[in-house]
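Chain lettering (A, B, C and D) follows the sequence in which the chains are written, and residue indices restart at 1 in each chain.
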Amino acid sequence: MLSNNDEQELPAQTRAEGDRPLGRALTSVIAAGKEILAKRRPFAAAPRGSTEALVELCHAIIHHRGEASGLALAQEITAAYRDLTEPAQLEFFKRLAADFDIDREALRAAAQDYAEQPDYQHLLNISHAVEAPRLKLFRRINTALDGTRTLVAMRGDLLRVLRANPELKAVDADLKHLFISWFNKGFLELRSIDWSSPAVVLEKLIAYEAVHEINGWDDLRGRLREDRRCFAFFHPAMGNDPLVFVEVALTDSVPNAIAPLLARGRETVAAEQVNTVVFYSISNCHPGLAGISFGNFLIKSVVEHLNKEMDGLKTFVTLSPVPGFRRWLATADLQGLVDEDLYDKVRQPIGRVVESVVQAALVKLCAHYLLNVKSGELAKDPVARFHLGNGARLHGLHWGADTTPNGREQSGSIMVNYLYDLRKIEINHEEYFNEGLISASRSVRRLLD
Amino acid sequence: MLSNNDEQELPAQTRAEGDRPLGRALTSVIAAGKEILAKRRPFAAAPRGSTEALVELCHAIIHHRGEASGLALAQEITAAYRDLTEPAQLEFFKRLAADFDIDREALRAAAQDYAEQPDYQHLLNISHAVEAPRLKLFRRINTALDGTRTLVAMRGDLLRVLRANPELKAVDADLKHLFISWFNKGFLELRSIDWSSPAVVLEKLIAYEAVHEINGWDDLRGRLREDRRCFAFFHPAMGNDPLVFVEVALTDSVPNAIAPLLARGRETVAAEQVNTVVFYSISNCHPGLAGISFGNFLIKSVVEHLNKEMDGLKTFVTLSPVPGFRRWLATADLQGLVDEDLYDKVRQPIGRVVESVVQAALVKLCAHYLLNVKSGELAKDPVARFHLGNGARLHGLHWGADTTPNGREQSGSIMVNYLYDLRKIEINHEEYFNEGLISASRSVRRLLD
Amino acid sequence: MLSNNDEQELPAQTRAEGDRPLGRALTSVIAAGKEILAKRRPFAAAPRGSTEALVELCHAIIHHRGEASGLALAQEITAAYRDLTEPAQLEFFKRLAADFDIDREALRAAAQDYAEQPDYQHLLNISHAVEAPRLKLFRRINTALDGTRTLVAMRGDLLRVLRANPELKAVDADLKHLFISWFNKGFLELRSIDWSSPAVVLEKLIAYEAVHEINGWDDLRGRLREDRRCFAFFHPAMGNDPLVFVEVALTDSVPNAIAPLLARGRETVAAEQVNTVVFYSISNCHPGLAGISFGNFLIKSVVEHLNKEMDGLKTFVTLSPVPGFRRWLATADLQGLVDEDLYDKVRQPIGRVVESVVQAALVKLCAHYLLNVKSGELAKDPVARFHLGNGARLHGLHWGADTTPNGREQSGSIMVNYLYDLRKIEINHEEYFNEGLISASRSVRRLLD
Amino acid sequence: MLSNNDEQELPAQTRAEGDRPLGRALTSVIAAGKEILAKRRPFAAAPRGSTEALVELCHAIIHHRGEASGLALAQEITAAYRDLTEPAQLEFFKRLAADFDIDREALRAAAQDYAEQPDYQHLLNISHAVEAPRLKLFRRINTALDGTRTLVAMRGDLLRVLRANPELKAVDADLKHLFISWFNKGFLELRSIDWSSPAVVLEKLIAYEAVHEINGWDDLRGRLREDRRCFAFFHPAMGNDPLVFVEVALTDSVPNAIAPLLARGRETVAAEQVNTVVFYSISNCHPGLAGISFGNFLIKSVVEHLNKEMDGLKTFVTLSPVPGFRRWLATADLQGLVDEDLYDKVRQPIGRVVESVVQAALVKLCAHYLLNVKSGELAKDPVARFHLGNGARLHGLHWGADTTPNGREQSGSIMVNYLYDLRKIEINHEEYFNEGLISASRSVRRLLD
């Protein structure tokens, strides 16, 4: 792309207060900017706090030149956005879609010109015309001290209303385009989290854990005992707020149920007997970063890290739910899979006691679901899609592995192990994407015989 | 922009070895990738080490899918580039310009389509077509462990041959476009450098100091004594290699000559008497980052930082050369500026002794040069252009301030102070850019009366 | 003292696991030592886990020469001590007092010799004889990884039974002698504690807070909000376990009650209006370090630290209880202090409502208690003794300042401010110790008129 | 010992400026102390800068009570000591020996009393009387910011004149007694030093390297390349000034000459082929810490550390000189060791070329010197005494291993390997000390056949 980019015009704040000794950046420059703004600004037409006032600020910052006052404007915008009610947010998104879109007419003209005479200047014109003014707006908002955090929160808000408002798709695409560049893997910092980590980080784990809820500080402490590890990716613009974290158990065998792993009073495996690393929970922390996936890279980085730190590790597996299984089962065509007289029984809610014949049928159906049921070319189950796409192998399938209400309701109490073998993941990954092949252990395949 | 971006496909190495305890990242993934490549790769047509072989690798990585082998390929490319001779580099740049350019015909067709029917799909097509395959190539090279460093070095090499090979301009534009995003100010880390900094950082100062050469470690130590400070910006992808640094003297008055500041045996000003901060040298470290300016932000960040750290600071000034003065003087029309009989004398090399009338004339001419001589709308002198563009004020002008051969040759021994007053820089900046006004002290203006 | 000291013979473990990257020290040396011990050791006479077995180990380590096995022995001793029941501890202390005491006969003989011929060799002999073998024992125990912690815990256990067993006094004196040297102020590290401190440190605050109880993590977070500070001293041999900590409130006036300071929903004072630092709670963490006072040094260090960090601080005060007041009042001779008809009333439990005449009488009595009631030459009240001994001034006295059951029961709801003025503390300190003068504000003195 | 200890009275400065963020401690307390001193102090009798003036300060601090002024006094003493000329130092040491010694008469009386009535109070009296007032003086000097450093330097100065002034022995003994406690191994911090270490540390290596001189920064860099390691012990009271450091080469075989190890252009051994760790230089940094040995502990800590860090290490050896060999040879009785006609030849200076028969004789004599020549019960050679005392084994002996002038002059060009096998060092150590047995490899023993 030819360089029609203005990201450089306004200096970004280095980072959140307190993160770095020298990094508190330009607070007095901003203070000077506020004074200048206060002097110059004509009486705003729109009432303070309204969407209209925010839109005015957005127009102002796009056409602004001064550095200090530009920073001050960016700060005002992030503050104003945070004060919007949900309806006002939606109104604001619509204005972003309509008022800050590309000028289709100008692009059409540039396209026409280029089509007639495909030279360098016409190419440049197209490059300019194809970029919506929103992008410049977002880049400038990003110069505020909390700019990145605000934009990530903004996309989180946007995604909640996107399905109902498809005209906002281009706004989402622009934000995502920027995030892909800003959240480049090169900037991620892998940190090991344990009981000596800052409380300000630990409280985030409690808040964000999505898979197996953490009930307060005592529970958290149990999750961070000597047979456990936790790793997260952090990003300079997000300070102590992790992007994604994974919880790990160190064991002496591949686990077939979740409860023993979570039990607070559990016995820990002696360090010299540890040979298995279990990824039993992986949580994304920011809805606004949807589609910018860090989990794959996190798991592989942790495998590398632990292999360097400890001797004797042989097996890296997950213990994962099959969250789409019973939803699929409810309406699936079961013909040829199980006896007809079981059709109803396998669709019953999973109680504490399940007939062994039903149990066997459910296990078989789940194997079928994971190995054969696709959405497009890829596995239908979202967790399977994630791990198989990463190049993992479907390694084991366990009945009664998660007997919580949620575990029974979604996965029929079944959990599975996905195996990460660094030497195989690329081949698995390629066969999966190119040929639709799912790597699975013999024991899993045998369930379908 | 619509999201046709692939930066996310390959995971970047986190950072240089040793920089972060957990960050050594995917070394065994890469090892697995190398094995895969070794098995699969057909016999390369081009001899190893040739430009042709590198170009082949570049084609391969653009069309590659596997993660591990992709990383291995990126590593091979950075190694191969570093081994090129200068002629081979030029050949490689020409191939980047020719073989990895946008497909003008495809763009023309897309432009035509859009001109006829300006809908979303046609917009997307244009977006794709307007981006050269080089960009994808560079993004993928950037996933290598030393990817960013290699690309920065590559652009440095490119800039040396650009004037003679204008057809490479688009290659430069693409690299610069990426660097502007990657070297976003939000990622810069301000660090204070002193004698307790790592030797690996300090040796960089010796290597990079561009203004007043540092002669080895003892000289460096003198520059880092208690009345001195040094600050630099670092970037996560560049490890301990600074981007730009500034050397600072703490004094009790605005200095009018450089030698006393650099003298090793100088007396230091007592901490409680320091009221003036002198920026006496600012050095960019990487030619490949030309045009991505950090100096302005560095100076302002240091002003902020020192204001927070120390009480009693009143004045922030530079002590700067006027490097374009005598080059301009050589051919300038001096009519109306000085007496005709001085025309020759002011153009003589500056000796140890200069007649006082000539001295006065040179000072006046220099003030004229700085205040009135423009290149376009902006100051002609490059150092003046930098500081005035930052919003600084021309504060003082000193004869005999730099009596080194270089100082006499370029600046006629004159040095000037540019004053940074955070409350005034935005107004100065705007008046300078909007109205061409140069902020200058009365004492400097008076030189022209 | 002539050097008859063996502290150097056994290498101490550097520090607790994880505290320092390189500091895990001699684990394989110790492992080798264990093997050697296992081979050599004759069958122990005493049953494992008994006091007798521990005493045997103590004898063994005193006469031991090998380094590796010596370290292994030290480790065994700390483990064995931790397993003792309370009665077994007492028995062990008695054995320390009896079996590891100085040899009085040898000392008598050395004394006799020296008295007859006071030369260097006889002096040396006395020096040796005057030191109990216990000291050597404790120094060698201190080489274990958790040696210092164990010995500190041991003295804590000892102090609980000391009053009832005065024959243990010499054991306590020896431990204290060593601690005074080991816990030298030069080794203390002042750390600021806040919500970004490690959880492993924060949980200690919850556990140790002695003055105003912290109820769990949410309460702790309230204590660490932006208008609060917490500082602690740490010591290298105690890892993340603080020795003493002080809780600080930043306010805009001298407080006269504790509840508003502790209220979770309180309004915080804007940073630019803070002028007063309130030390409202100071807690020693280890009973075993009784008599080795860090509090004085901590308060002064915090005053220094905050003065450097913040501008505009004018006043450093405590908000302190008067814990001995009502105990004294119960039996004091009140003649001449208050009207006779109030004698009974002022001794009643303090209810929610108190007659104003009684209230006035209590305030007056408390001022009298603090200013005039001595134990020896020094203030009778323990908190007053601490702060006045530090050189603080009795600054204010507030009725109804602590209405918790404990506050009413001990201090009659009264709290006082002690003022720390760094320029006055030495003079106050000297006048207090040399002349028994108590520095007090006019407003406090006036209460006695 | 009964607790007659005053180390606690004055607070020590925490540490050197800049070492710790919070540790600058009581500077304004000290400033207040200076004011108080200035007001109170009578005109000093002795001229400022004289030994007499320093002695006066020493008397003053011993009898001083105020904390702030006490700290100020300690600071004055350290400054005054540093200003003394060498003759004045000697005078000062003599005053320490004479004026601050124990009161022999008082001790005699206490001894007499105790001999007559050996009770607790008389014991206490003896304890007090046996301690020289110097100890209190040194402890109080130690509260100054640079107190520990000054006392270490003082002992260094003292040791230089001790032999000629044996009456100073007791002063030395008192300092050593304190240092043994203050430089307790528990406070040592092992740090790995490399090219990313602070320059302020690296310059110390250049200054202190005692065995194989480092010629400036470039040479140092060669010593810190990827096949080298350097480790040092640091102590909190000494800041960035190491106590002892060891230089290590990573190789694939036991080296038999020093030059290849030091060569700047050497080829490095690939990481996966490293199996041998060579300690080729160990340097104590402070003469004032003589007799407080850290080297043994350093070597063992490094063995442990490297074993944890790297796989595949098999052998830990030194490459050491035999510095006493030729001094011994000059006057030794060679009868029965070598042929009589070689007596003169083996005592000749070692030239570039040496007859093979002489060479063989020298090697044999050196083996004899190391294995059989004792000073008391221990090896005569100082380096052998150190390593054999640590439990190392004499592993190899190499002719022509050090051909520098110094190497030929002292060691006859011979160097030896001492082998550190953690499983054997205790047994070797005990056999050496208890039975005088020297552990040696068969190849070394065979030299004597």
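Heads up, the rule we're going with is that contacts are C-beta pairs under 8 Å (C-beta built on N, C-alpha and C of every residue); 3 or more make two chains touch, one makes a residue touch a chain.
Per UniProt, the chains are A, B, C, D = Decarboxylase.
It should be emphasised that the depicted structure is a prediction, and the values quoted were computed from it without experimental measurement.
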Select the chain at the greatest separation from subunit C, using centres from the mean of Cα atoms.
B
So how far apart, in whole Å, are subunit B and subunit C when each is placed at the average of its C-alpha atoms?
57
Any idea how many Å lie between the Cα centroids of subunit B and subunit D?
49
When the C-alpha atoms of subunit C and subunit D are each averaged to a single point, how far apart are the two points in Å?
35
Multi-partner residues of subunit A (at least 2 other chains):
none
Go through the chains and record each pair that touches.
A-B, A-C, B-D, C-D
Residues on subunit C engaged by subunit A in the complex (per definition of touch):
18, 195-202, 216-217, 221, 240
Which subunit B residues qualify as touching subunit A in the complex?
1-3, 5, 7-8, 11-15, 20, 22-29, 32-33, 35-36, 65-69, 102, 104-105, 107-112, 114-115, 118, 123, 126-127, 130-132, 135, 142-143, 147-148, 170, 173-174, 176-177, 180-182, 184-192, 231, 236-237, 292-293, 296-297, 300-301, 304-305, 307-308, 391, 422-423, 425-427, 429-430, 433-434
